[in-house]
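The structures come next, written out as structure tokens.
Here come two complexes built around subunit A, the first alongside subunit B, the second alongside subunit C.
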Partner chain A sequence: MGDNMLFTSYSFIIFITVLFVVYYLIPRKYQWMLLLAANYLFYFLSGPKFLIYIMATTVSTYFAGNKIGSLYNEQERYLSENKGSLSREEKKEYKAKMKSRQWKWLLACLLFNFGILGVIKYANFAIANVNYLLQAFGSDMQLSFLKLALPMGISFYTFQTMGYIIDVYRGKYPNEKNIFKLALFVSFFPQLVQGPISRYDDLSQTLYKEHPFSYKNLSFGLQRIMWGYFKKLVIADRILVAVKTLIQDPETYQGAFALVGMLFYAFQLYADFTGGIDITIGIAEVLDIRLKENFDRPYFSKNIVEYWRRWHISMGTWFRDYLFYPISVWKPMLNFSKFCRNTLGDAIGKRVPVYISTLVVWFATGLWHGAAWNFIVWGLANGIVIIISQELHPFYEWFHKKFDVKNKFGFRLFQVVRTVLLMSCLRMFDCYRDVPTTFRAFWSMFTVFNYNELFNGSLLKLGLSAADYAVLLMGLVVLITVSLIQRTGSVREKLAAKPQLVRYALYYCLIIVIIVMGAYGIGYDSSQFIYNQF
Partner chain B sequence: MKKRRIWIRITAVCCLIISIFFLQKLLMPKYVTSIIEGSLIEEYYREKTPHDVIFIGDCEVYENISPITLWEKYGITSFIRGSAQQLIWHSYYLLEETLKYEKPKVVVFNVLSMKYNEPQKEEYNRLTLDGMRWSMSKVKAIKASMMEGESFLDYVFPILRFHSRWSELTSEDFKYLFKKDKVSHNGYYMRVDVKPVTSVPKPRKLADYRFGDNAWHYLDKMVELTKKHGIELVLMKAPTIYPHWYDEWEQQIEEYAEKHDLMYINFLELMEETGIDLTTTDTYDAGLHLNKSGAEKLSVYFGKILQDTFGLEDHRSDEELSLVWQEKVEFYRQMAESQYNELKEYGYLKRFRNNN
Partner chain C sequence: MERLIEILEELHPDVDFESCESLIDDHILDSFDIITLISEISAEFDVTIPAEEIVPENFNSAKALYALIKRLSDDE
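Showing the complex of A and B:
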């Protein structure tokens, strides 16, 4: 992604400021057109050559959607015209025939768009693996790598668009007749950067309507944007310096430092990703467009299943609705399920197909995160941990029957800490350069006993000063406090009920802390949002 | 009620802007002790009387020429508009800006910066540019100097550049929040300490000895600008031995001066005439810059040339000017005395300890 349109760039801030002003000055019926133009301008400024990909996805999806939609119309017309003359079987047969035609369009659309994503994002990964195998078998032949740059947000908009076409195929809603409106849905610029992956039926309701100016939207939206910048600039980009130092030199930084790196990375990833989503949702809110929440205080989850319900929600639900469920009800899978029940018994037999679907979904989730074995192993590891926790369910039930600790604060705290540590361990696959290095770093936490070095000033040699640590500590306290307040409702609503003086004092603090303590500009390695690359 | 709410919001925004302005003042480096080069450019705006001669260039002018000596010896009024690693386009735009305030008879440009064709370091650019008052000249100077990754907005709102200084603030930042002490003597950076040259390293060979097109472009513009205003442009090369001044560079400047009918003096070739001795008394950093003794010797020699060649008036009989300059002379003497005392007490100049 071109640096000129990063969320943290001045040009982006100028871009959205101008857009806000023009958006509320023009007649409301033209607002969606302005947004579409802004989306394409944003995309153009981020990398003009990538426009072709998003346009290809939009046009192909529109075309396939139109075909599927017109087949639905044709079916409806035919069935109503021949209402009395067709038997139930004939109707069923006709519907199956139409469904099969629609399926072909859907399949073509999925293959085309996932094909683009596959080639651009995964071709070199595949080539690298083929080359490795060729070498392993003693062949001198090596395939050349493709020179392909990853267009901004390709995973996000491809998944969003494919969700739309699958829903149209399923008859969940009719296809969008206006290609420009569909283009707006595909390219809505704030979510192009790092999601969320919106659903057409949610987003279209709010995207195309007329939007009157509202002070509350402006105020709440700006608060959310500022909160996002606080997380990104003050916390994530500051801690990034230490994370880079620790993970780029795993041979030096072992044991205690691997543990610190793991925890710092978990902290950074949370601040970075949720900060970006806050900015995205805040921008949309100022434009009077509602996006679904993508996080629900995930680090307060008591187990991994709950964690994945609360972290990157839009991705999780996408995989659930468009991969897990279809696999689960796929005919061969149903047959396999039957086979398992017959051979392994009911109890085990009904779980095996679910676990296979789970592993497939987590394999895909890992692959979605990146074209590398790290991500695939990370995905599968998540799936395995989920399966193990499912298998341990009877034990948990026994434990809770025996010990009445379920609602005790201490036990809940233990569950939260356990989940955070478990997820942080799994996240190590994200940050180290390859799988063996990750395992070595993880293992070193238990074999290299250098924990005393954490107290001899070594932490000040990771690129962070004592003042930086103080800021990070403050950031952590603020994040936890806000999360705790969020348990009982919207922080912004609560703030709005406070006296003006208190409100403005808090806004001032937030703005000044971002400007003064933000890790940006010359001297800082201003990083892209981690999720940009997806 | 609605009107009241609007007023409260406007007041809140104004308060925020004032707070940010205040913070910006606090976080900007003050350049009053240690690295004082950042204060040199802005001190020009304190001047109340015009100047006969304006010196422009890098450290080879602001550490090597003493305007106070030029006044005391010849009654020449002068100012040095120079800063650390001041690039030729900085010098050009500073000159352009200076000509909006006054019209000197002579402009002296030190040619060492011809060796730079591209911006070098953002930190050095800042030393020159942050001190300039806002004008089209400053805008053009910034645009000519910006490095990759820099933004014009960082110059408009320096808090965006210096925000990370919050953890380095000292009492100096509060003390000089709104008013700074004068640190230079009409742009001259005084050092009285001595560190003679002991050895001269062999200059490294360059791949290309030709000055770059950009540097020539700004020199052409400088010639054009001074001609347009009827000002004499003099080119000089200061008598310091680092960075090395190559013969190939000398030849190019000589040819250029001849072609444009400009006076060019290479003081490296006039060491005997000026009396400058870098091996004993006249440099404080082994030949990179002159100290007060060396700067005064050079000024005495150069002042005579300037007066004889361009007929510069001796203003010492002008009561009003004398009053102004008497104050400058007094400040010059006080600073010299203070530095000598410091040197006597500690053996080095405490305030510049980190620079050396």
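Showing the complex of A and C:
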């Protein structure tokens, strides 16, 4: 992405301000058109040559949607015209025939669009692996790499658009007849940076309607944006300095430092990603557009399954609805399930197919995050941990029968800390340069006993001063406090009920903190969001 | 219906499936349970529940799930 349109850039702030003013000045029926123009301008400013990709996805999906939709209309017409004359069998046969014609259009659309994503994102990864194999088998031949740049948000908008076309095929809602409205859904600019991956039936309702100006939207939206900037600029970009130092030199930073790097990265990723989504949702809110929440205080989860229900929700539900369920209920898979039960017994047999689907989904989730073995291993490791935790169910049941601790604060705290540590461990695959380095760094935490160095001032040599640590500690306390308040409802609603003086004092505090403590200037990189590269 | 309740109780013996109407909304059934259920239903009722029918409305209560099974077996 061109740096000129980072969420944290001045040009972006000017862009959004101008859009906001014009948006509420023009007649409301034109607002969606202005948004579409703004999306394309945003995309153009981020990299003009990439427009062709998003347009190809829009046009191909529109075309396939039209075909599938008109087949539905044809079916309805035919069935109502021949209501009395068709037997049940004939109706069933006709429907099956139509479904197979629709399936061909869907398949073509999926292959075309995932094909684009596959080539752009994964071709060089595939080439690197083929070259490695060629070399391993003693061949001198090497394939040359393709020179392809990754268009901004391609993983996000491709998934969002393919979700739409699958739903149209499934008959969940009719296809969008207006190509410009579909183009708006595909390209809604705040989402292009790092998601969320919206659903058409959620987003289209709020996207196309007329939007009157409301003070509440403006004030709540701005609060959400400032909160996002706080997380991104004050916390994530600050801690990034130390994370980079630690992970880029794993030979030096072992043992205790690998542990610190792991925890710092988990903290950075949370602040970076949730902060970015706060900005996205806040911008949409200012424009009177409601996006679904993408996080539900994930680090308070009691186990990994719950964590994945609460972290990057839009991606998790996408993979669940469009990959996990279809594979699991696929006829051959159900037959395989029967076969497993007959051969392995009921208890084991019924779990085997679910676990296969789980591993397929987590392999895909890993691959979605990036074209590298790190991500694939990370994805599969998540799948394996989930399967292990499922297998441990009888043990958990035994444990809870024996010890009545389920609702005790101490035990819940243990569960939360365990989940945070487990997820942080797995995330190490994200940040180290390759899989063996990650394993070495992980192993060093248990074999290199340099934990005393944490107290001899070494932490001050990672690029962060004592003042930086104080800011980070304050940030952590604020994040945890806000999360705890969120348990009983919206923080902004609660704030709105407070006296004006308290509210404004808090707003100014937040603004001053962002301006004074935001990690920009000498020594800091104004960095892109982590999830933008996925 | 009785057989369906039995299948559900095998999954979660501690839940009152006769009355509970928020099996999905309250996260009582997770995606693993749903797939296990679908495979049991396929074996028991000879009905395949397609992916597009896996929505909260169909799985929130035993009653809704039974209605879905009936609807699908009537279609087949």
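As a working rule, the second predicted complex is superposed on the first by the 531 of 534 C-alpha atoms of A that agree within 3 Å, B and C clash if a C-alpha of one lies under 4 Å from a C-alpha of the other, contacts with A are read in each partner's own complex, and residues count from 1 in each chain.
Here is the rule we go by: a contact is a pair of C-beta atoms (placed from the backbone, for glycine too) under 8 Å apart; a residue touches a chain by one contact, two chains touch by 3 or more.
Since we're looking at a predicted model, the values are computed, not measured.
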Let's test your reading of the overlay: on subunit A, do subunit B and subunit C clash or fit side by side? fit
Have a look at where A:Phe324 lands relative to subunit B and subunit C in the superposition and call it first, second, both or neither. second
Once the shared chain is lined up, is A:Gln75 touching subunit B (first), subunit C (second), both, or neither of them? neither
Examine A:Lys338 and indicate which partner it touches, taking first as subunit B and second as subunit C; both and neither are also allowed. second
Most subunit A residues touched (candidates subunit B, subunit C): C
According to the stated criteria, A:Arg309 is in contact with first (subunit B), second (subunit C), both, or neither; which is it? second
Thinking of the overlay built on chain A, is A:Thr158 touched by subunit B (first), by subunit C (second), by both, or by neither? neither
Now for A:Pro353: first (subunit B), second (subunit C), both, or neither, which partner does it touch? second
Could you grab the smallest C-alpha gap between subunit B and subunit C in the overlay, to the nearest Å? 41
Subunit B partner contacts - residues on subunit A that touch it in the complex: 10, 465, 467-468, 500, 504, 507-508, 511-512, 515-524
In their complex, what parts of subunit C are in touch with subunit A? 27, 30-32, 34-36, 38-40, 42-43, 48-52, 54, 75
Which residues of subunit A touch subunit C in their complex? 92, 170-172, 305-306, 309, 320-321, 324-326, 328-329, 331, 334, 337-338, 341, 350-351, 353-354, 357-358, 390
Subunit B residues touching subunit A - in the complex, by the definition given at the top: 8, 12, 15-16, 19-20, 23, 27, 122, 149-151, 153-154, 159-161, 163-164, 166-167
